[in-house]
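Below is one structure, written out as structure tokens, with a few remarks after it.
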Amino acid sequence: MLQSYLPALVFLFLGVLFGGLFAVANGLLGPRRPNPVKYQPYESGIPSNVPQNFRFGISFYLIAMLFILFDIEVVFLYPVAVQLKAFGTFALVETIVFITLLFVAFIYVWRRGALEWK
Amino acid sequence: MPDATGLELVAAEVRDKFGDETVVGTHYYREAATLEVKPESARDVVGYLMEDAKEPYDFLASLHGCDYFPDEPRLSVHYQLLARERADRLCVKVRMGVDEAEVPTITDIFPGASFDERETYDMFGIVFTGHPDLRRILMPEDYVGYPLRRDFPMGGEPVIFTFNEGQMPRWYE
Amino acid sequence: MEVIRQPLNGEGGGEDLRIRQVRARQLLRGELEGEDLERYVEERVLMTTLEQAQNWARANAVWPLGFGLACCAIEMITTLAGPRTDLSRFGAEVTRSSPRQADMLILSGRVSIKMAPIIRRLYDQMLEPKWVISMGACASTAGMFNNYALVQGADKFLPVDVYVPGCPPRPEALAYGVIKLQNKIKGQPDLGWRERYQSYGTEEQSA
Amino acid sequence: MSETTDPLKIPYRERERSITMDRYEHEPPVAGDPLADDLESHEELFTINIGPHHPATHGVLRLLTTLQGEYVQRLVPIIGYVHTGIEKSCEDQEYWKVIPFVERMDYLAYYTNAAVYCRAVEQLLGLEIPPRAQALRVIHLELNRISSHLFWLGTSILDLGAMSMIFYALRERERVNDLFEMSSGQRMHTRYFQVGGCIEDIPPGWDEQVHNFLDDFPSRIDQYEDILDRNEIFLQRMKGTGIVSREELHKLSVTGPLLRCAGDPWDLRKAHPYWGYEQYEFGIPVGTVGDNYDRYMVRMAEMRESVKIVRQALERLPDGPYISDDRKVALPPRHELATSMEALIHHFKLVTEGFRVPPGEHYSSIESPRGELGCFVVADGSAKPARVHVRDPSFHNLQALPAMCEGGLIADMIASVAMLDPILGGVDR
């Protein structure tokens, strides 16, 4: 059973290794010269007085949520699309139902006017 | 360009509208007409010339200050007026001393002059009374002194040549 | 107006270039011994390969901060996106807008007294290791504007690595400036003409 | 924000009140800001500097913007970050040496700056420049207009996100720079114009080079327009944004392409023809709606008109002296120094002390790629000007920026700043 998972594990290990290496190496090798200005926010070169607890408008959050919703939908389609032949027609019908469901949601959101930027 | 006689006509028109002593002088030099006016009545004359004169100059091309240092009413403000239909230019000039450097603003008549007035204030210290936010526009807000006045030093560093090395001993350290 | 010249606090972090050169010469003549020799060798031998590898990587990916001040900015953009010279050969083509992701600050244009604190803030907010190219006469010495409004040379408030002369310098001149900076990053700076031609003793001394 | 009656399409903001957000109800909007009163309860105004160091501000222009979400409520342009005190330095130089200073103000239209200063001094001197010098000046001014519009095109479309445009635009600009380098020796800040004409005559073969450039430049403009005019994103971002009416622009003393895009054909080359502009036929492109798309189209059409002007000027280039032969102002040719004594004296006098201008003051103005560029010179009889003031078009056009951007999105503000084409060297002088 372990055999079939080996490639995935190797991939995972290599990913973590190189990711960690680059992150850590940067911290280790880079020279450190801390100065107070370096930790202040960058605002086109001007000392920034934007309040940290600033609350953004609702539209930003809304658009982000909609994006995540339809993005996950595409993520689910990938594995099915890769092995569609092996899964047979049942998976095809299943996917179509899945897509139409989300499409109805899309139409609702669109007609509701949430896509226009307010 | 209003020729010499045209300038006299405009001057006469302004004289009888605002009284005799407002127009201080008229100069016609190299086909450019300049009407010199008293500082207090600058706003009324320019407003009159821009709106309801017989031949109105509807556009203010530029408003800039100048410092004639040696001769006496040192500071001056120039209003370059432009009539677009007739393609005609007229300069209204206002001379004043350093201590009474004050001219009423014309931003409510012609909003385009607000940046110019701020720059003239910034560079010469001529206060435009009634300007919405008369602050320095080019120099840093907390800068002291009015750079374009003739008595303001040029600033910068003395350039070291062999002849003036004496005044800066051991400059090479 | 008397002229005060004091050495900048150096780039900080380890000895600066001059001291390293002098010590290398002493090592060659065998005058270096004792604790200095230990430290010198230890520093060189242990880190030689890693440091060279690091410098090589840094030199070939020097990302400039997209920072145009005045006329030299036009020539800088022509160097970056123009048809004849392109900085992507040196890995310097990507101009980052935020100082956090930039390695090099090209001061292209005249530095006015109102802009100096902002440039200093940008330089401080850049992450180490960082370099500064002062492009054009106005950034290096305020050029012909010897007046109240300009800081007379960016090295009055910034440690500058490479000065590119010209007003504005041609795109090829800026590309050559980036090459010189790369050599400096790799630890073998092109020697100035005095060292190259060993012509000491001709400095202009007052009588 | 469409106020249609379709129930599903009611504006999104009102619908929010149906959702009980008591957490927002209690918090008062940001007080103390005059704009706060028309603010819904849960909004918070956000003032930020799109500041001196910003990729999309075309130089060191700081825009203090008060934002409500993505909408710009108030915009205050703050300038002065590249103020070089050029006008003060000019008062310390002889009349000749002022030309390099004046050229570095608006560093994209450097020929125009030198030309307007030379014109003011020539009119103070009452000096008439020979026809060949006038034609050479017109050719270089129009080539400079093309190169300035090309740089504007490259960087503006880069701000809108299209990367390829700057490579094409700079490719043509390099060709124009080659022409400048061939005629005057330097790509930028050439100091080719001298008081009284031009420094040197154009080298032989220069006009063939210009003809080569003029032959295939219009096809290049067609290529740019093919890329941009059918690009849906570009059209949606440009059409209908940053509209300012003609009267308002007029009141804000805006001149140049910005004013012409609103439908007002005011161009100094036609209104006050100088140096023989009246002989050439060329049109003045005028927009209709006055939005960003019109500003783009007006400048593209202006490039085509400039090609026409340069072509006509080059064909009818009169021969004769390239600089006025008034020895008091113009240097005598070198070979004359060996023979005639007066030439030597004139040469010596001009080189050591420079020429003197009789006392007087004059304001002259010509059409720069950004609007009316004026130069006011006061002469006090000495060899140095007493005052040189340059009326910069971008300095006055910036006053129209708040009118263009307030109420719109930030993305439209970036497009409006790009289409306004401010050159901060000229603004801050």
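Chains here go by letter, A, B, C and D, matching the order in which they are written, and residues are numbered from 1 within each.
Operating definition for what follows: a residue touches a chain if its C-beta (ideal position, glycine included) is under 8 Å from a C-beta of that chain, and two chains touch if they have at least 3 such contacts.
Remember, predicted model here, so these are calculated numbers, not experimental data.
Q: Going by average Cα coordinates, which chain is farthest removed from subunit B?
A: It is A.
Q: A-D versus B-D: which interface comes out with more C-beta contact pairs?
A: B-D
Q: Mind checking the centre-to-centre distance between subunit A and subunit D? Centres are C-alpha means, answer in whole Å.
A: About 44 Å separates the centre of subunit A from that of subunit D.
Q: In angstrom, rounded to a whole number, how far apart do the mean CA points of subunit B and subunit D lie?
A: One centre to the other, that is 24 Å.
Q: From the C-alpha centre of subunit A to that of subunit B, how far is it in Å?
A: 60
Q: Can you compute the centre-to-centre distance for subunit A and subunit C, using the mean CA position of each chain? Integer Å is fine.
A: So the centre of subunit A lies 40 Å away from the centre of subunit C.
Q: At least two partner chains per residue is the criterion; list those residues in subunit A.
A: In subunit A, residues 45-46 touch at least two other chains, as defined above.
Q: Quick one: which residues in subunit D touch 2 or more of the other chains?
A: Residues 51-54, 80, 83, 85, 88-89, 428 of subunit D touch two or more partner chains.
Q: Going through subunit C residue by residue, note those that touch at least 2 other chains and give them in order.
A: In subunit C, 114, 118, 122, 145-150 touch at least two other chains.
Q: Which two-chain combinations touch?
A: Pairs flagged as touching, ordered by label: A-C, A-D, B-C, B-D, C-D.
Q: Given the complex with subunit D, which residues does subunit B contribute to the contact?
A: On the subunit B side, the touching residues are 29-32, 34, 58-62, 64, 66-68, 70, 78, 80, 84, 87, 89, 91, 110-116, 119, 123, 136-140, 147-148, 150, 152, 154-155.
Q: Given the complex with subunit C, which residues does subunit B contribute to the contact?
A: 139-140, 147, 152-160, 162, 165-166, 168-173
Q: Give every residue of subunit A touching subunit D within the complex, in rising order.
A: 43-46, 48, 50, 54-60, 111-114, 116-118
Q: Spell out the part of subunit D that touches subunit C in their complex, as residue ranges.
A: So the residues of subunit D touching subunit C come out as 51-55, 59-60, 80-86, 88-89, 100-101, 104, 107-108, 151, 154-155, 166-167, 170-171, 173-174, 187-189, 424-425, 428.
Q: Give every residue of subunit D touching subunit A within the complex, in rising order.
A: Touch list, subunit D to subunit A: 1, 8-13, 16, 42-44, 46-54, 62, 68-70, 409.
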